[in-house]
Structures are given as C-alpha cells and as structure tokens.
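Below, subunit A partners subunit B and then partners subunit C, in two separate complexes.
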Partner chain A sequence: MIEREALELDILFVGAGPASLAGAIHLKRLLQESGQNANIGILEKAVEVGAHSLSGAIVDPRALRELFLDKNDQDFPFEAEVSEEHLYYLTDNKKIPFPFIPPSMNHHGCFVASLGKLTRWLSEICENEDIDIFCGFAGTELIYDEDRIIGVRTGDRGIDKNGAQKPQFEPGADIYAKIVVLGEGTRGSLTKKLIHKHNLMDGRNSQVWALGVKELWQMPAGTVQSGYVAHSMGFPLGHDIFGGAFLYGMKNDIWNLGLVVGLDYKNPGVDSHHEFQNLKTHPWIRSKLEGGKVIAYGAKSLPEGGWYSIPKLSVNGAMLIGDSAGFLNGQRLKGIHLAMKSGMLAAETISIALAENNFTEIKLGDYEDRMKSSWIKDELLKVRNFHQGFDHGLFGGLTNAGIGLLTAGRGWGFKDRLTSEAGHLQMEKGLKKDRYKDLQFDGTYLFDKVTDIYHSATSHEEDQIPHLHVNEPDICITKCAEEYGNPCENFCPADVYEMVPDGENQRLQINFSNCVHCKTCDIMDPYQIIDWVPPEGGGGPTWINL
Partner chain B sequence: MKIAVLIKQVPGSESPLPLNSTQTWVDEPQVTYTMNPPDNYALEEALLIKENVGDGEVVAVSLGPERVKKVIREGLAKGADRGIYLEENSQIETDPLSIARSFASVLQDENFDLILTGLQSDDAGMGQTGVLIGELLGLSTATLAVQTNIQDEQIRVKRELESGWFQWVKLPLPASISIQSGLNTPRYPSLKGIMGAKKKEIRVIPASEHQTAEKTQTIKKVFVPQTTKKTEVIEGNADTAAARILEILKSDVKVL
Partner chain C sequence: MDILVVLEDNHGSLHRMSREAIAGAQQLGESITALAIGQHASLLADKLSGVDLAEVLTVSHELVSSYNADGYAEVVRQIIEAESPQLIIAGHTYQTRDYMPRVSAKCDIPFIPDVISAEDGSYVKLVLNSKLNATVSASSDTVILSFQSAAYSDEDLVPGSCASRPFEVNLDTAMVRSETEEPFQEDAGDVDLESAELIISIGRGIEKEENIPMVFDLANALGAEISASRPVVDSGWMESFRQVGSSGQTVAPKLYFSLGISGAIQHVVGMKGSKNILSINKDPDAPIFEISDYAVVGDLLEIIPKLIEALQTEKNS
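Take a look at the complex of A and B:
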C-alpha cells in the first residue's frame, strides 16, 4: 500500500488557464464579501502558469472588465488595441479583400494579446490573494465517494519507462475538495472521463474541433504595427477544409501568424503543420515575414462545436468551465472572455453552495442556469450553427453564416439546430492524398516539424512511460495502415507518431517527448484508441507568449 | 548545523536562447528560467545533511532580478527553512568575483557552518563563486564533492579528480563546498511544501547594501559559434584508411 500525501482544500480548480484563474479570483472576492473563508487551490501540469497557454489571441475585454471593476483596459497585459483589421480571401498568389467585415467578425474594441502573458498576470493576482497554485502537478484521476466527486489524485512522479519506481519516486497526492472545477482546457483528460462516465453529452451535438498552429516572428525594428489584425480564408486550405489564417501585430515588432484547421476534414493526409507552412509560401504572407526570424512555435486544439455541443455542466461535486466545457465562439474566433466568464459564473454558484454546505448536482446546476441567463448564451446562441454550415464547404459555410446574421443564428435561415458529426468519423477511408508534394522546407521561412518543435521549447522527462496510450497498437499496423494510411503521422503537429520499419513490417514509434499537449491525436484518431494522459508533471512546452 | 545553499536561476535548457539586441546576453523576455540543475543537487545535499545531523537550518540564497525569488521559493517548498534574496537589477551576467563579494558581504554576518554551491551554473559555467566566497570569508574550501560526511566539527568530502580518480579530504568547519551533479537524487516539492513555503521568510537585501565594489569584468559580446561541417570520404583499402584516420586524429582533431 503506497502512502500518499493527502491535502484537504475547499475548492480545487484543475488547470491554471483563464477560466480557472478568473473563477478563483472572483470566488475569493465573493467569499470575502459574504464573510466566508475557504481554501482555494489550482492544479497546473505545466512547470509554470502560462507555459501551456496558447491562443490567437484577440481578447474581448468584457469579462476582464467585469472581474476588475477598479482597473482600466490599460492595466491589462494586452499587446495593443486592434487598430486596423482586414479580412481576405486568398487565391494561390493574390489576396482579395472582403467587401465588408460583418459585425459579428468585427474586432473593433478588442485587443491583440498573448494568452501566456494574460494567464501569468492573472496568476500573480491569485498569489497575492492567497490562492494556492500548484505547478508541475497533473490531475490524473477523479476521486469518488459513491457517485460524488470528492477530489483529484495527482500523477505519480519518478516512475521509469518500464513502470518501476526510481529513487526519487513520489506517489501522487490525493487532494480532497468540496467541489472540483475542471478547467483543463481543450479535450481535458479528466473532463473526458467525467463526460463519459456521467453521459454529459447526452442530447448534445458531438463536439467538433479545430487545430490552431502558430509561430511568432521577430521582425526588424519598426516593421510591425502592433494592433494590426488580418484574417483570411481560401489558400492554402481551399474550400473543403474548414479554417483560415490569422496575422496579428504584437509589441516589439513580433508577428503572430497562425492557421486554424478544422479537425473534420475528409482526406486522411491533411497535415495542419504542413498547411501552415504552405500558407507562408503565399506572396502576401511571405512579404510580411521578409527579414524576420521565427522565435516560437505551438499548437492547440480548440472546441468549435458551439452552443449545442456544450455538455451538462455540473455533477455531484464537480463542474466544467472554459474550453473543457466548449465555451468558444467560432465565428468571432474568441473564447478567452467566455472561458473567464464561465469560471466567474461557476464561482457565484460555488459561493452559495459553500454557504449552504450543499454540493449536489442540483445545487451546482445553478451554474448552468446562470450561464443561460448571462451574455454567454446571448453570444453563443446567435452563432449556434456557424461551424455546422461549413460541412458544406467554404461557400456553404459563409452563406449559412450570412443568413444566420439575419435570422439570429438559424441554420440556413430556418433550422434552429444543425447537427454535426464527430470529426474523426468524417475522415474518408482510402489512400491519403498528398497535398504537400511541392512543399520545400527551406529552413528560413518554411520549417519541418522537428525544427518547429525546437522553437516550442518542449521537454519531458525521458525516462517515463509514454503518456500517449495506444490501446490496441495492432490496429495501427494492420487496419489503420490499410484503411487510412496512418493519419497520426499527419495530424500530429509535433512528430510524435512515426511508423518505422520493423523487420518486414512496420511498428508505431511514439516520440512522446515532442508532444506539445494539443490533444489532436486523442480527438482525431479514427479508431479512438489513443488516450492522451498527462505526463509527469512539469513536462511539455514552455511557452512564454503564445 | 547551519547551511547556506546558493541557488542560481538560469535559462531553461529547452529554450532556444535568442540574444538581446546589444548582443550582451540572452533576450530576457524570450527565455524561460529554471533552477540551475547543479544547484538542485547542492540543495538536496544540504537537506540530507540537515536530516542526518538531526537539527539545524538550511537557507536558500539567490541573487538576481525579481524573478529569481521563484527559485528561492522552490527551495523553500522542498524543505529549506528560509531564504535570502540579494537584489540585482542588471539583466546581464556579472563576473564571479563581484558576485562572490556580494554574497560574502551578506553571508559573513550569518556565521554559516557550511556554504554549498552547485559545481557551476548552466548558463555562464564559471564554477568559481563558491571557491571565491570561501576565500573571501576565510573558510576551508573544496570543489566537486561527490560524497559528504559530517564528523564533529569537520566535514569529510570525497572529491572527483580526473581520469576516474577520487580524493578524500577532511576540512574543518566552517567550509564552502561545491557539489558535483549526480551525487544524490533531488526530491520533488510536495503540495504541502509549496503551501508552507509561502509562510517562510525571504529576507531581501537591496542592491545598495551588497554591491560594494566596482564590477571587475563586463561582457563585450555574446555570439552563437559558427557551425562548420566538413565531411571527408576516405578512399582506398583498410590500411590507407586507417593511416588517414590516425593522421586526422593526431593533427586535425588533436585527440591523440
């Protein structure tokens, strides 16, 4: 019997992203106002807060303003207010401006920001308000008392690649809490278990995802206008793959360039990293990068399903917030303000639950009611069928989005709810079609995955069990090789999956130490046999300002 | 047993290390920082000595900009009893003698029995600070300890020499010892350790109180070495190839 450290808190947030950090700060203040006191802790698997935070990002300051009534926009750690915005349709070598930018895609009054900087800033406020943030600890299991969640077990540390204990072995700790709030971010590993066990997606649309891949470019002094914003559709994805590119001007002459690719494409050969490299062959993008140097790389999946893909938000002793619950506005390309607001609404319910000492599903359901009478609903309901329209290609999607503007979000103008199918089910069997024959990694503008991973500053303890669990590896060699041609080699933006020769056959090699924690494999594997579990705490990318 | 452990914060080894615009050091905002790994072994050794002796105090000491408080707190989370933070506003690496003088001026009033340092920092790699402090404070000093043993008022240290040789030396306390990496397995901080660390004292020494002397060195330029790759295909039979390889090893690579 292993003796574990046990810790009793009142409230435990899992994942120090914008949802948890805002939720914890709001909760602390609500408790102070009502004369209550509670121990609040936040678990974070990264070595420090912000190291696993990645977003575009253009931030709608609405939630921040509500959370910090005493602060001005200038006090927030933004890069710059959006000063100029463009929306283009890209052909292979031209850019055609959209005749107008629809109000729902207008970023006026919003701010270009780095999520990593924002979460670090919020974490400092937490520290000052006596909220404990435990970095380097991953939540690996939910602790139950019958059907009630009573805590989280953190991962063991110091286990070698064969599963044996190393000298510094430290068993995971049991953290008990009256309420566990899962703000793990996109496709959270505990969230996945919770949703499955409690059937929280019953009656909802399947969540559909996209993958964002981005690089930061340091440009010569005086060449980048901070607050510049451009979005594009068309090249390189074409009309059949959902997604588009973004280019934002940050402080200190840094370009923030990225591509979002819907994880519901049909060709198993689609490779988001390669699409992103292709984007940089466009003359317009290339001209923007002239004389610059790449300084950072990262990737993260994002929940695109919208309003009808939001799971039931509460069970006995636990709640879901932020990306873990799918709070993202796909049309506005924004989720940070929704994530923060969801954390704050959860905090309001928690404050009441603590006062009444009642942590049942019914009591915690108050959070979902609050969400449904907040601006989260107003905002998401209007764009509830946005992503679904793109099942009919780019023009279908734009038409649907356009009609949606006039009909308060109805699909094709009359349907209240369009359904969607999980992205991995849409991949078509048959040979991969190679979209990258002409792509040459020149090492100056275009990089192979290994070079980009170097810029993601990713590392994991090498002597541990790989954290990508492939439950039936035989399928990779037989069925998947035949049916889909091993799309894991393509959809992973970090070269984690590699089919290597093994005698006369092939075998799957998992380069887990490359993993940037984007969760795409867990989402996109056509057989759903890949289980992403947290590696030893502290592992992963060390992003600074992504 | 009162032990000071000197802990430096260095750029993480996974960072790509871009240089600043004046080419005098790494570009601070683009780099993540971590506890200097050799100092982690020194910290562990200090905690083990304290646990073996049964009483005493381990003090985590660091110098640098505000951010270095993080490594002090990490030390406190792992079990150090309190911290001392020497403020330093320059973001550019300072020479070991100036640093040692700063530390010595602060540490001398504390009367430590032991001052432990990692063998070197992973960024500048000078490996001198511990030795210089020992000299400035008139302490007995040893480097590259792979084993330590406290006996009464003495410390026995097994030192690593070259070519696989070791040396046992006995030093009177107080002493300044630099610790070779790998002699122990540093512990992980516990949750309770992290919570408890907040309540532990970190004494802040303003720059004006410890920076007494002029800096003796300045960094002129930091640059990335040019990598050159030269491939030579050696033709001919095994004997000619072997002769050519021998020549290369002797005259070009100079390892024979």
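Take a look at the complex of A and C:
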C-alpha cells in the first residue's frame, strides 16, 4: 500500500483556465459577502498557469465586466480592441469579401487577446485573494465515497517507462473537497470518465469538435495593426471540411494566424497541421507574413456542438464548467466569456451549497437552473443548430446559419433541434486520400510538424509510461491500417503517432513527448481505443502568449 | 589578482575545458591566476608553464588529494578570501556543477553557469532550448562564471610564462563531510559527450539495429565517442545518455560526424556549437546540410565499411 499525502480543502477546481479562475475569484467574493470562509484550491497540470492555455482569441468582455465591476476594459490584459474587421471567402489565389458581415460574426466591441496572458492575469488575482493554485499537478482520478465525489487524486511522479518506481518516486496526493469543479478544458480526462460513469450525455447530441492550429509571427516593426481581425472560409479546406482561418493583429507587431478544422471530416487523410501550412501558400496570407519569423506554435481542440451537446452539469459532489461542459459559441468562435460565466454561475451555487452544507446532485443542480436563466442560454440557443448545418457542406451550413438568424436559431428555418453524429464516426473507410502531394516545407513560411513542435516548447519527462494509452494496439496494425490507413499519423498535429517498420511489419511508435495536449487523438480515433491521460505533472507545452 | 581560474584534474592532465576557461579568461582580463587542487596539482602547474598567466596556485592538502565537493568548495572559498579576485571562472563540467554552487552560497557571490560569451560585465547564456540568447549581468562586482564547452578555444591560449606558488589551506575533517573512494567507471558514465573532441552521431539513416556495430568499429578506428539522434534512442538501439538534442545532451566537439541524421531543429540545437560538422545523408535536401561544413550525399551503409577499411590500411602502412 502506498502512503499518500492527504489535503483537505472545501472547494477544488481542476484546471486553471478562465472558467476555474473566474469561478474561484467570484466564489471567494461571494463567501466574503455572506460572511463565510472556505479553502479554495485549483489544480493545474502545466508548470505554470497559462502554459497550456490556447485560444484564438477574440474576447467578448461581458463576463470580465461582470466579475470586475470596479475595473474598466483598459484594465484587462487585452492586446487591442477590434479596430478593423474582414470576412473573406478564399479561392486558391484570391480573396472575395463577403457582401456584409453577419451580426453573429461582428466583433465590434470585442478585444483581440491572448488566453495565456488572460489566465496569468487572473491567476495573480487569485493569489492575491488567497486562492491556492497548485501548478505541475494533474488530477488523474476522481475519489468516490459510494456515488459521491469527494476529491481528486493527483498523478504519481517518478515512475519509469516500465512502470517501476524511480529513486525520486513521489506518490500523488489525495485532495479532498466538498465539491470538485471540473474546468479541465476541452475533452478533459476526468470529465470524460465522469460523463461516462454518470451518463451525463443521455438525451444530448453527441459533442462534435474542431481542432485549432496556430502560429505566432513576429513581423518587422510597424507592419502589424493591432486589433486587425480577418476570418476566412474556403481555401484550403474547401467545401466539405468544416472550418476556417483567422488572422488577428496583436501588440508588438505579432500576427496571430490560425486555422480551425472540424473534426468531422470524411477523408481519414486530413491533416490539420498540413491544411494550416497550405493556408500560408495563399497569396494574401503570404503577403501578410512577408519578412516575418515564426515564434510560437500550438494546437487545441474545441467543443463545437453547442447548446444540445452540453451534458448534465452536476452530480453528487461535482460540477462541470467551461470547455469541459462544452460552453462555446461555434458561430461567434468564442467561448472564453461563456467559460468564465459558467464558472461564476457554479460559484453562486457553491456558495449556497456551502452555507447549507448540502452537496447533493439536487442541490448542485441549481447551477444548471442558473445557467438556463442566464445570458449563456440566450446566446447559445440562438445558434443551437449552427454546426449541424455543416454536415451538408459549407453552403448548406451557411444557408442554415443564415435562416437561423431570421428564425432565432431554428434548423433550416423550422426544426427546433437538428441532431449531430460524433465526428469520428463520419470518417469513411478506404477513403484515405493524400491532400498534400504538392506541399513543400520551405523552412521559411511552411514547416514540417517536428519544426513546429519545436516552436511549441513542449517537453515531458522522457522516462515515464507514455500518457497516450492505446488499449488495443493490435487494431492499429491490422484493422486500422486496412480500413482507415492509420489516420492518427495525420490528425495528430504534433507527430506523436508514427507507424514505423518492424521487420516485415509495422508497429505504432508513440512519440509522447511531442504531445501538445490538444486531445485530438482521444476524440478522433475511429475505434476510440486511445485514452489521453495526464502525463507526469508539469509536462507539455510551455506556451507564453497563445 | 583579477581573475581566478579553477582547474580540473583529468587523471593527471589538464581537462580540455580548463584550458578553454583560461583562454576565455585571457580575453577578459590582465591578471590571471590559475588554481590547481589535489595530488596532481604541481603536475598541472607544470603543464601551464608556457601559458601567459600571473601565477598558478597549487593546493595539495591531503583532504583534497582527490576530488570532493566540500573540500573543493572550502579551498576555493579560502582563496577568494585571501586573494579577492573579481571573476572566478571554471569550465562547465560535471565537477563544476557539483562544487561551484556551494562556493557561491558560502561566499554569497552570484554564480552564472554555462556562459557562452562574456564582455564588460555582461554574460550570454542560451535559454529556452537554445532558441534564444539571454544577456545576464550580476548585481555584485564579484561573479563566478562557468564556460560552456567550446565557448572558447584552447588554440587561442596566449603563450608566455608563469611561476607556481603553493598555497596553504586550513582544512579539517569537520569541513569535509564526504570521503572519496577510488574513482571507478560505470559503463554508462564512461561516455562524456560534453568534453569529447570527436563525436560520431547516428540517426534514422542507420536503418537497422544490426548496423550499429559497424559504427562502433568506425568510432574505435577514429577514437571517437558515439552519440545518436532521438529515433535511434527511441528504438532502443542506443542508451538514452547518448542522445544529443533538446531532450538530450548539448555537445560542441571539434568534429561532429553525423551519419544519416536529417537535422530536425530539436537535434540541431544540441550540436550546432560544434567546430566542424561533417554529414553523410542520402537526401540532398536534408536540413543537416545547411549547417554542415562538409556534406556527403550518399548511402552511409556503403560508405562506413569503406571508411573503416581505409583507416585500417593507413594504420597498417
């Protein structure tokens, strides 16, 4: 029996993203107002807050304004207010402006921002308010007392690649809390277990996801207008793959360029990293990057399903917030304000639950009621059928979105709810096509994956069990190779999965130390045999400004 | 005394990085004193008789006859106290990493390790996987530095003359809490890539584990150390301490002979400081060629056996 350290808190948030940080700050203040006191802690698997935070991002300041009534927009760590806005349809070599920017794509009054900067800023406020953030510790197991969650176990350190204890072995700690709030972000590993065990997706649409891939480019002085915003559809994805590109101007002449690719494409050969490289061959994008230098790379999945894909939010002793619960507006390409608001609404419920010392599912269900009478619902209900329309290609999706605008979100103008199918089920067998025959990595504008990963500053303790668990590795070399042609080599934006020759045959090599924690493999693997679990705490990318 | 250079004894000869440290010190100041500690102290002093130094101090106390961190740290502390140098310099070796932080703590002097260049009180270090250079300066007038391997070249040593002077230190057993036994070589620890002058490094182009012994034959013929890029280590064909790159070692030999290495940036940051780079690769577009001084496009499986044969013939003739 391993002896573990135990720590008792009142409230534990898992994952120091915008949802948890805003929730913790709001909770602390509510408790002060009502004369209560509670120990609040936040677990974060990254070596510091912000190192695993990645988003576009254009931020709607609504939740920040509500959280910080005493502050002005100028006080928030934004890059710039959106000053110029474009929406283009890209052909192979031209860009065609949309005749008008639909209200849902209008970013007037919003701000270009770096999520990493925002979470760091929020974490400083947490520290000043005595909220403990434990960085470098990943939650790896939920601790139950019968059917009630009473805490989280953190990962062991110092286990070698064969599973044996190294001299510096340090067992994970058990952190007990009255309520565990999962704000793990997209496709959280504890969240996945929780949803599965308690059937929290019953009656919901399957969650559908997209993968965002981005780079930061340092440009010559005076060439980037901060607050410049452009979005595009069309090239390089075409009409059958959901997604589009973004180009935002940050401070200090930095371009923030990215591509979002829906993880519900049919061709198993689609490679989001390569699509992104193709984007940079477009003359318009190329002209923007002229004379610049790439300084950072990152990738992260995002839940696109919307209103009907939000799971049940509470169980006995636990709640789901932020991306873990799918709070993202796919049409507005925004989730940070919804994530923060969900954390704050959860905090309101927690404050009452603490006062009444009642942590049952029914009591914590108050959070879902609050969410349903908040602006989160107003906003998400209007776009509730947005992503589903794109099952019919780009023009189908746009038509559906357009009609949705006129009918307060009805699908095709009359259906209250369109269903969705999980993205990995849409991949078609025997269809693997190489879309990248002409793609040449020139090392100046276009980079192979390994070079891009270098720019994500990713590292992991090398001597540990790979944190990508492939449950039936035989499938990779038999069924998957035959049916889908090993799409893991393509969908992973960090070259983690590699089929290498092994005598006469092939074997799967898992380069886990490249992993940027985007969770795409866990989502997109057609047989659902990959389980992404947290590596030893502190491992992963060290993003600064993504 | 302006600068004190602490020497490292390498079985009775002077560690290459100590010579480099002196070369670096000569570029930084006028009056340089070297310090030799241990049973070979006077031997080391003799080896420096042709180098332009103010003097060489020798310490041959029985408690530091062979290396131990407590003893070395105390010796260096006493010399700093007696001679008040402004800069204390050593090569960035394993030994330096062991005792120098103790000196820094004992004397409350800042230690800036693994420096690649120094000028007028600012010191340059590689940071963030060697992606950036950081210029560091110290808040105090006195600073301890260690120089990265090959930051300076021992070929630039300024010749001249110097005398040696024994220095009496006060050491007692209470100060030296560890006892040093006979040095021994463990198989793994045998490989000191960081101070190797000639390294043969192999990559994915080696294709099969069966081809590895051939590379060891070549290394024996040339007297080289062997390192590898990541895929070779990942395949289990080579021990992980031989890996060069961002998740392995940083090396800077006089010649880095790369065989079948493509030159991914993660590998390159670990060896780009090498004096000369000679590369063999089948792919003429391999990025390794961009940083190579000598490039051979060809199949290493054909070339290596011929190379070994040629070396043998030359040896025999």
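Just so it is clear, the second predicted complex is superposed on the first by the 545 of 546 C-alpha atoms of A that agree within 3 Å, B and C clash if a C-alpha of one lies under 4 Å from a C-alpha of the other, contacts with A are read in each partner's own complex, and residues count from 1 in each chain.
In this section, a contact is a pair of C-beta atoms (placed from the backbone, for glycine too) under 8 Å apart; a residue touches a chain by one contact, two chains touch by 3 or more.
A quick note: this is a predicted structure, and the numbers were derived from the prediction, not measured.
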{"item": "Clash-or-fit label for the pair subunit B, subunit C on subunit A", "value": "clash"}
{"item": "First (subunit B), second (subunit C), both or neither touched by A:Ser374", "value": "neither"}
{"item": "Per-residue contact with subunit A, leading partner among subunit C and subunit B", "value": "B"}
{"item": "Touching partner for A:Gln506 - first (subunit B), second (subunit C), both, neither", "value": "neither"}
{"item": "Contacts of A:Gly443 with subunit B and subunit C, given as first, second, both or neither", "value": "second"}
{"item": "Touched partner set for A:Ser206, first subunit B, second subunit C, both or neither", "value": "neither"}
{"item": "First (subunit B), second (subunit C), both or neither touched by A:Ser104", "value": "neither"}
{"item": "Which of subunit B and subunit C A:Ser459 touches, first, second, both or neither", "value": "both"}
{"item": "When the two complexes are fitted on chain A, the stretch of subunit C hitting subunit B, from 135-143, 153-161, 225-233 or 261-269", "value": "135-143"}
{"item": "Common interface residues of subunit A - those touching subunit B in one complex and subunit C in the other", "value": "454, 457, 459"}
{"item": "Residue ranges of subunit B touching subunit A (in the complex, touch as defined)", "value": "12-16, 18, 29-32, 34, 185-192, 194-195, 198"}
{"item": "Subunit C contact footprint on subunit A (complex, rising order)", "value": "443, 450-451, 453-454, 457, 459, 462-463, 500, 509, 511, 513"}
{"item": "Complex contact set, residues of subunit C against subunit A", "value": "128-129, 131, 234-235, 240, 246-247, 264-266, 287"}
{"item": "Of all residues in subunit A, those that touch subunit B in their complex", "value": "5, 7, 47-48, 51, 130, 132, 134, 136-137, 154, 157-158, 166-168, 170, 173, 175, 218, 252, 295-296, 454-455, 457-459, 542, 544-545"}
